[in-house]
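Shared chain: subunit A. Partners: subunit B in the first complex, subunit C in the second.
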Partner chain A sequence: MENLIIEETKYTPQIEMNAKEGNIKIVGKSYPENTFEFYEPVMKWLEVYFNGNAKKQTILNLEIIYFNSSSSKLFFDLFDLLEEFNSKNLIMINWTYDEENESALEAGEDFKEDFENLTINLIVK
Partner chain B sequence: MTNHENKLITEIEALKLDFETTTNKLIKDVRRQDKIMARSDKRQQLEYDELQNKLEEVKNLQKEIEDTQKEVVFTMGAIGESRSKETGNHVKRVAQYSKILALHYGLDERESEMLKQASPMHDIGKVAIPDSVLNKPGRFNEEERKVMDTHAQLGYDMLKMSDRPLLKMAATVAYEHHEKWNGKGYPNKLKGEEIHIYGRITALADVFDALGSSRVYKEAWDDERIFKMFKEERGEHFDPTLIDIFFDNLEEFLAVRDSLKDIN
Partner chain C sequence: MDINKIQNIVKQDGIVFLTYGGFLSQALISGMTEALEQEAQNSELNMGDSSNIFTIFIELSQNMMNYSKSKDKNEFKSEGLILVGKDEKHNYFIHSQNIIAKEDKDSMEPKLAEIVTLSKDELKKRYRELRRSGANTHGKGGGIGFYEIAKRCEEIKYKFTEINENRYYFHFEANLTTK
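Up next, the complex of A and B:
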């Protein structure tokens, strides 16, 4: 399975999805004009990955320093998808936030609260 | 009959279950949406507050820069004047007269205000004139006069390298404030409107104030004598339009002179 790499832009994060290592990294800002369009390849990649290509353990490192409201919605959708595959896969999510970034911390807490079955670690930078 | 009834019930039961799953999902989605919105509102508020604070900071910094610039420019002018034993108020009065002339001439408020700030630097070149010449009591001989007159060029040379609009303006003022409308001034014997309006304005403002002030080598002229001279020099030393503006708005100039008297 191909890796998915999307370079960082002013409005979008750096994305690295490595199928061989089971490593997924999304780091940076997220406020694209069309959020769902931008993340479409990410969601598609995950579907393909979890349908028969997943490693024993998959680690997601998410560090979003700034995001718009549709990105919040997108992350909820993303976690929905992870939850769907959680029972058959070992998934670990590291949500990293800066100490001073209250919005990022609150978002992390919201995800933890909403997705009790997922392993979400809040990591302060 | 019984079987038929049972089948319907089963279907309805299935529908009920499906309905519940769907409504639960909808409720969950709506809750999520509300949460996202609330978080987003809060974030937006913080962002906007921060933006405004930053903007305020920038504005204060900008004001600080402008004030510093004004002060530096004014101090430079005062240094120029102090070298020739004139008072700080001379500089202030020339500044005010220049603005009044500029506004009535038709320059806009911003440019007139700039000229008010730049005109005090007209004599900055005097810092490079030797004391023996600058403060000589009595009349200059020809050689001394030549040295003294270089202060226009010297002032221009000091300021011309700057890219700052205010200092550029001051360079022009320093360079051309001894040019005369009839072409008999210095350093370049410019004539009429060849002389920049900044130079023409400062020339009049400077002379009006110098004549009305007493110096080591001369008494202050009375107004009658100044006005007579101004009328004679209309179209000779001075731009006729500016002389007309001066007499049409005399009370404004006299009010400035009164409010900024020299304390001896």
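Up next, the complex of A and C:
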């Protein structure tokens, strides 16, 4: 399975999805002009990956400095998708936030509460 | 046109460091956000406060961009205006104004009327409910965007002013105190 790499821009994060290692990284700012279009390849990749290509353990590292509300919805949909595959896969999510960035911490806490079945670690930077 | 008039307004109303009236594109929004990042750095704002300012600015300006994109350019000129400023006590304010259709006013107004009555905790709860339900989460009409804004500031104010039966001015204001 192909890896998916999307380079960072001023308003979209660096995305690295490595199928061989089961490592996914989304780091940066997220306020695309069309959020759902922008993340479509990410969602598709995850579908393909978890349908027969997943490693024993999958680690998702998320570090979003700030984001618009449609990205917030998109991350919700992303967690929703992960939850779907969570029973048959070992999935670990690391939500990294800056110590001073209360909103980023709060966003992580909300996701943790909304997705009780997922393993979401809140990691202070 | 005397540009000094603008300069005087800027001086009078505190340090308005960013104002723009006209057609908004994604490239412009991201350029202005960069300018805000610079301002945050110069004013030594902490990351929490600055990310709240960026988020509110992005939310409002992308809303305005979506309006100007979706409307018939001849009928709805993008007479939008957005500004970010701060007073001497380093409280920040973000104001926006744009023209919207009556149908959008009708979908925004009840949400905004609800938002101003909610406490911070109620806002957070409502935001998550709406995000989960998936309804109205993107596109025009306010979605969860105004809840996101209200979560991140001390106070919002809004007003609709009728232009004619189909068009309204939408004025919006968010006020933030910083640490």
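Quick note on the criterion: the second predicted complex is superposed on the first by the 125 of 125 C-alpha atoms of A that agree within 3 Å, B and C clash if a C-alpha of one lies under 4 Å from a C-alpha of the other, contacts with A are read in each partner's own complex, and residues count from 1 in each chain.
Definition applied: contacts are C-beta pairs under 8 Å (C-beta built on N, C-alpha and C of every residue); 3 or more make two chains touch, one makes a residue touch a chain.
On a predicted model such as this, the values are computed, not experimentally measured, just so you know.
After alignment on the shared subunit A, the placement of subunit B and subunit C results in a clash.
Look at A:58: by the touch rule set out above, it reaches neither subunit B nor subunit C.
Looking at the shared chain after the overlay, A:69 reaches both subunit B and subunit C. When subunit B and subunit C are set side by side, the one touching more residues of subunit A is C. Shared-chain residue A:104: touches subunit C; no touch with subunit B. Of the two partner chains placed around the shared chain by superposition, neither subunit B nor subunit C is touched by A:96. After overlaying the two complexes on the shared chain, residue contacts for A:114 are found with subunit B and with subunit C alike. The intersection of subunit A residues touching subunit B with those touching subunit C, taken from the two complexes, comprises 68-69, 72-73, 76, 102-103, 106, 110, 114.
Note for the complex: subunit A touches subunit B at residues 68-69, 72-73, 76, 102-103, 106-107, 110, 114. On subunit B, the positions that touch subunit A within their shared complex are 32-33, 35-37, 39-40, 42-43, 46. Here subunit A touches subunit C in the complex through residues 10-11, 31-33, 35-36, 65-70, 72-73, 76, 98, 100-104, 106, 110, 114, going by the rule given at the top. Contact residues on subunit C toward subunit A in their complex (touch as defined above): 26, 29-30, 33-34, 46-48, 51-52, 54-55, 58-59, 62, 65, 124, 128, 131-132, 134, 137-138, 143-145, 147-148, 151-152.
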